[in-house]
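Each of the two complexes below includes chain A, the first together with chain B, the second together with chain C.
Moving on to the complex of A and B:
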């Protein structure tokens, strides 16, 4: 614990940690100093001058170093001017006065001055009603202004900063919260100040504008209505909306969301709302252990799929080769008959049940029960693997990335966190900036590299070996030995090669590693071994199911060998592609090889997954039941299609990658005839002759809590508990409306409060002895012919849950393939051309695919980067790929325009 | 004798009283009537009468309502429902960026207190003279924007209008000191 300092604020004795700011210390004892530019999560800037206070410091006798006494009390010296409490740290014996006439007059003047160029168009402003400027003007401002209103700045009302964010320059009070957020927190300085004085304005430097995955957060922290989101512009007034707690479904982080809903006649995005309840916006909900106050733009804008007009509304049954609408009874009956086939009721031996991580714990549990009861097999639809290890080596309860700092090590293996889990990127980056040692091991440069102390490059296919080398000192010694002669031969060249990627076709990384890289690996391994706390993230960059499995295995062994298991802030965190893949593993579903699994079964029941869309070459079962939101490629091939409810329409719980079980609540009424997944599965089970619980999510969760050891003792009520938030500025008692209001004001006005639950992290099992023994990871056998095509993840892809969002669709961009310049030159493709060259990608056994080539050094030599869910189905690294140029679009057009 | 005299007295009183009564009758027969033959004839309302709401327009036909929903917030009976939309120069309903895409008042809920009028920053909603609110169906009690909007004044254009860019940039056209 850091040194504590005693001071007095408004005659109240306060004890605060040394280095704390006066404004935070005052907040802790319930004194609210008004702020605009200060934000507890940002470095102070002192730009708005709203927090001015009188500060007196004890006079110190220079000779003795003791405070000068005057009448038995330390003599105080007040500064001649007021000081900003948001930039001044507390010091011993300090006396702060926040409510004197002088301070009040200063606040009044600051507000008056801020309003000299504010348009006061509160009636049409989206922030109106939750606006700190409005509230603080009412509390501290003058009733009239001495300035001439005709001399206000008049600019064009709104400027789109990007596709997602609009700027109203007149409203801006130049606090710089957005600029500082982008620079310091997001690490994405794409906006900045331009000009000076009254002409100062926010501009974007990036192309396309405001190109950041975190841009939506700036609208939340903006203390005025200068930054508004394209999604919510003029959507509703804040007081008209009700907040419902939810959990983001797009990655394994499990960000806490609040959906703001209201009744509407018009409906948006063409959805036919006639007096129904619709979601107006998604906001982050404060959970200091998960997402703090932030969410990424995917979480903020992609929820729109739940309101898409293309959603399935009634059950469909195949009749004469066509899918035709049917009643639930008919559809269920038909599905049960088809799944049973010739077998007895309660037995459907050849049934394959597939569920994805988009489903809640309750759904996945019911699916497993159904598969088990019928004698079939249940599989988790996942492109990754290794989830079975996490019950032993997962993040231990109490793990919080925010508490990692000096003495901690974070290892990120095979993951571009910025694309796969943006909030983890943000938090890992901040941990690194607080002093945690970040080791990034990846096959290509990622955005996290710049915050890493050690960057380790490997050739795709050798991820597991690199991880094993980190934990295995004899192997490292070998490695250094092996690197030595090369160092003697040409040190300069070797040093150059450290950063450069090597051809995948080259010999093993470990052997070919150049001395500096080897030394770096050794240093990183030592840092990892010595670290007080160590967290390992493993993702899916260039990995398939088996690759991920062996990386997870290697990571688990590394953690077990270095004893970074079972303590808070230690363990393995998987970067799954979907929200609840962890839940699937915990509840006993395993990722299976669909090719063989589908081959082996005659009937299949696929829930919330689109395997045929991802890989059309999969074998087709004789009878297929699909449960989905949309008519996907898989649903089109089905014999029966059940329409499921979206996560916004029902309740349930997810288990995040950090093994935190979190609950979400229904925000809107269900669409038409849709039913929740667990209820459909349970009813289908009943038609198959099984007895399954399907009355409510809570009842199923109670069953999970009794049957699955990890979930033992958990109840919905426990998941909904909120403790007194420990963060600065958070309301001490979230149920106190006045405190909440003050907390919100501190942050920006948007409602961040979390009254619906922080979730519970699952306990770990004891480590199995098999993991403690370091075992050599098997080298992936990748053929060396042609280019190696590896799947990589892109945040905005062509997934079913992204496409319906009109806002995000324009950000997805065209299909691309990453190519190294040398490879491009070999294939006869011109680099550096604009627009990007279009190439034909040829993979063995896959249909040819056309994409724009991104030719740069970020792609290692001999590798093709293929984004997932962008048109080319690729679930695992595949050698033997090639590319060939296609006549460029513009020249094609030019050719077609020429007279024949 | 006294009986005769009494009889005459009574008769005289009766005649006098009847005459007096009939006098009143005949006099009021020729008086101007206080009733009017509603609905053919209508009585003008007082200056501060609060009748059915009107949504005003500017002279050029643009709607004054900017869809800010402050009337809905002020309404003690929760009778007003507003949904805002965004203006473009190609499709302009009101000055500034925002307009009321949906504007509904439930007249069964409305208590004609006039708070909406007080709350309105553009004087778009006013309680008018119309007190003839009758419906045969509860649904008909919901007055939509089309029903509430005043007709386009002479020389004005109906909304949405196509306007030149950069002219109608402010929601409140001449924004002066708010104390005005």
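Moving on to the complex of A and C:
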């Protein structure tokens, strides 16, 4: 525990950690010093002067170093002026006065000054009702202003900083929270101040404007209505809305959300809700162990899919070749008959049940029960693998990225976290800035590289070997040997590895770079081995199911060998593509190779997944039942389609990549005839002659808690607990964690306190002996013919849960393919063309695909980067690819440059 | 599009060479000066180019440019006459001075005379607070300070400048 300091604030004795700021120390004893620019998550800036207080310090005798006494008490020296409590740390014997006439007068003046050019348009301002400026003006400001009304500076009011965020220049009080957030927290300074004094304004020069995945957070922390989101502006007044606790469904982080809803006529986005409850916005809900009080823009804006007018509203049954609306009874009956086919109940061994990580624990559990009971197989729809290892080597309970700093190592393998799990990117970056050693091992540069102590490059396909090399010292010795220039010519596997690790540099520096890359690997390995705590993230950059499986295996062995398992802040964190893929693995579903699994089955029941949209070449079962939100490609091929409720319409729980089980609650009433997934599956089960629990999510969760050892003893009530909220948080920070807990005036009114559950992390099983023994990593099997096409993830893709968001659609952009300049030149494709050259991507066994070529060094030589869910189905690395230039159909200009 | 690199590659190299490679952002200010010398103001494309050269976000470069009164983002006259109107100067009559000066010259604050010679601007503190009304003249080559000014003395100066 850090050194404690005693001081007095408004006659109260206060003890605070050394280095704590006065404003935080006061907050701890219930004294709210008003602030505008200060934010507990940002470095203090002292820009607004709202937090002025009187500060007295004991006079120290220079000769003796002891405090000078006066009348039995230490003599105090008060400064001639007031001081900002948000920038001044506490010190021993300090006396702080926050309520004197002098302080009150100063606050009054500061508010008067801040309002000189403020438009005072609260009645039409989105922040009105939750606005710190409004609140603090009422509490501390003067009733009238001495400034001349006519001299108010008038500025532009609806400035789109980008498609997502609007700026009202008149309302800005120049606190710099937004600028500091982007610079320090997001690491992406795409907005800044321009000019100074009264002319100071917020600007962006990025293209597109305010180009950051975290931009929405600035609207929460802006203490006035200057920054508003395109989603919510002019949408509703804060006091008209209710908040519902929810969990983001878009990646494995499991950010805690709050949905603000209200009753209205019509509904947003032409939603089918007529006079019903609609969602007005999504806000972060504070959970210091998960998302602190941030969310990414995907989490904030993509929820709109749940209100899309294209949602399925009734069951459909194929009649005369056409999908036609039917009643639930008819649809269920028909589906059950079809799925059973010729087999007897309980012996439908040709039945394949597929569920995805978009589903709740309760849904996935019911699906597994259904598959088992019917005698068939259940599979998790996932492009990744290795989830079965996490019960042993996952992040141990008590893990919190916020507590990682000096002495910890974080290894990120095969993941562009910024694209795959933005909030983890942010928290890993923060940990590195606090002193944690960050090792990034990737096949290409990622945004995290800049915060890494060690950047390790490998050739796609050799991920697992690199991870193995980090754990096993003889192998490293071999590497160093191989890296010596003389030995480099040897075709040893190790030499190849080092070769892979070379930065894309000119040929003559390659020789020199080899030993450096090997040395880096050795150093990184040593740092990892010696670390007090070590966390490993593995993602899906360039990996398919089997690749991910071997990477996970190698990571698990590395963690086991270095004893980084079973303790808080140690373990393996999978960067799954969906919110509850972890839940799928925990509940006994495994990712399967669909090509073979579908081949082997005659009937299939596919829930919340679109395998045929992702890969049209998959074999078709003779009878297909699909349960979905939308008429996907897969649903179009179905014999029966069940319309499911969106996650916003029901309750349930997810298990995050950190194995945290978290609850979400219904925010809006269900659309039309839709039912929760678990209820549909349970009823279908009944029609198949099975007895499945389907009455409520809570009842199923109770069953999970008795049947699945990891969930033993968990209840919905425990998931809803927030009692130990204060124990979570950046405990190692000198500023005490407590102040950070609630969404109070520091947080500007937007963003929610967590009152509905922090979730519970699952316990780990004991390590199996097999994992403790380091096994040789399998050599990469990728052939070297042609270009190697590898799948990569981009945050905004054409997925079913992104497209319906009108806001994000503009950010998705066109389909692209990453090409190295040398490969582009070989294929006769011109780099640097604007608009980018369109190329034809030819993959063996896949339909031809056109995309804009992104030609730069970020794509390694010999590789094509193919973004997932952007039109070209690619689930695993595929050699033998090639590209050809084509004419850009939509451009006259490009047509004239058509190659002969 | 005309790039600074095309015309000034040697100067850019020399400027960048003055700072350690990991601190290339230190070169933003001198490069902004260079860009301004080219056109009399900093063009948007120059901002992007400088951001690229120094490895910083373009918004940061713009922020730096926006902060300093000596950088301009708009074309202006040959001479820029910058009158301080901050509080101390305002108390000594800078606002009235500026208003009358503009009326005399026949432009509004921020505008340029029809002959393209003089731009009059209001700026923040120039550290001559006790000698207000005061202004500085940016000549393209350097800076000249004029303190304890009257409208007459300023108009006389403008007439001189036009003849220079």
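Assume the second predicted complex is superposed on the first by the 835 of 900 C-alpha atoms of A that agree within 3 Å, B and C clash if a C-alpha of one lies under 4 Å from a C-alpha of the other, contacts with A are read in each partner's own complex, and residues count from 1 in each chain.
Just so we're on the same page, contacts are C-beta pairs under 8 Å (C-beta built on N, C-alpha and C of every residue); 3 or more make two chains touch, one makes a residue touch a chain.
As the structure is a computational prediction, the values presented were derived from the model and not from experiment.
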Contacts of A:233 with chain B and chain C, given as first, second, both or neither: first
First (chain B), second (chain C), both or neither touched by A:191: second
Contacts of A:388 with chain B and chain C, given as first, second, both or neither: neither
Touched partner set for A:157, first chain B, second chain C, both or neither: first
First, second, both or neither for A:204, with chain B first and chain C second: second
Complex contacts: residues of chain A adjacent to chain B: 119-121, 123-124, 128, 144-145, 149-150, 154, 156-158, 233-237, 239-240, 264-266
Complex interface listing, chain B residues touching chain A: 66-70, 72-73, 81, 83-86, 96-98, 101-102, 104, 121-122, 166, 169-172, 175-179
Chain C to chain A touching residues, read off their complex: 47-48, 56-63, 66-67, 86, 124
List of chain A residues in touch with chain C within their complex: 188-197, 203-206
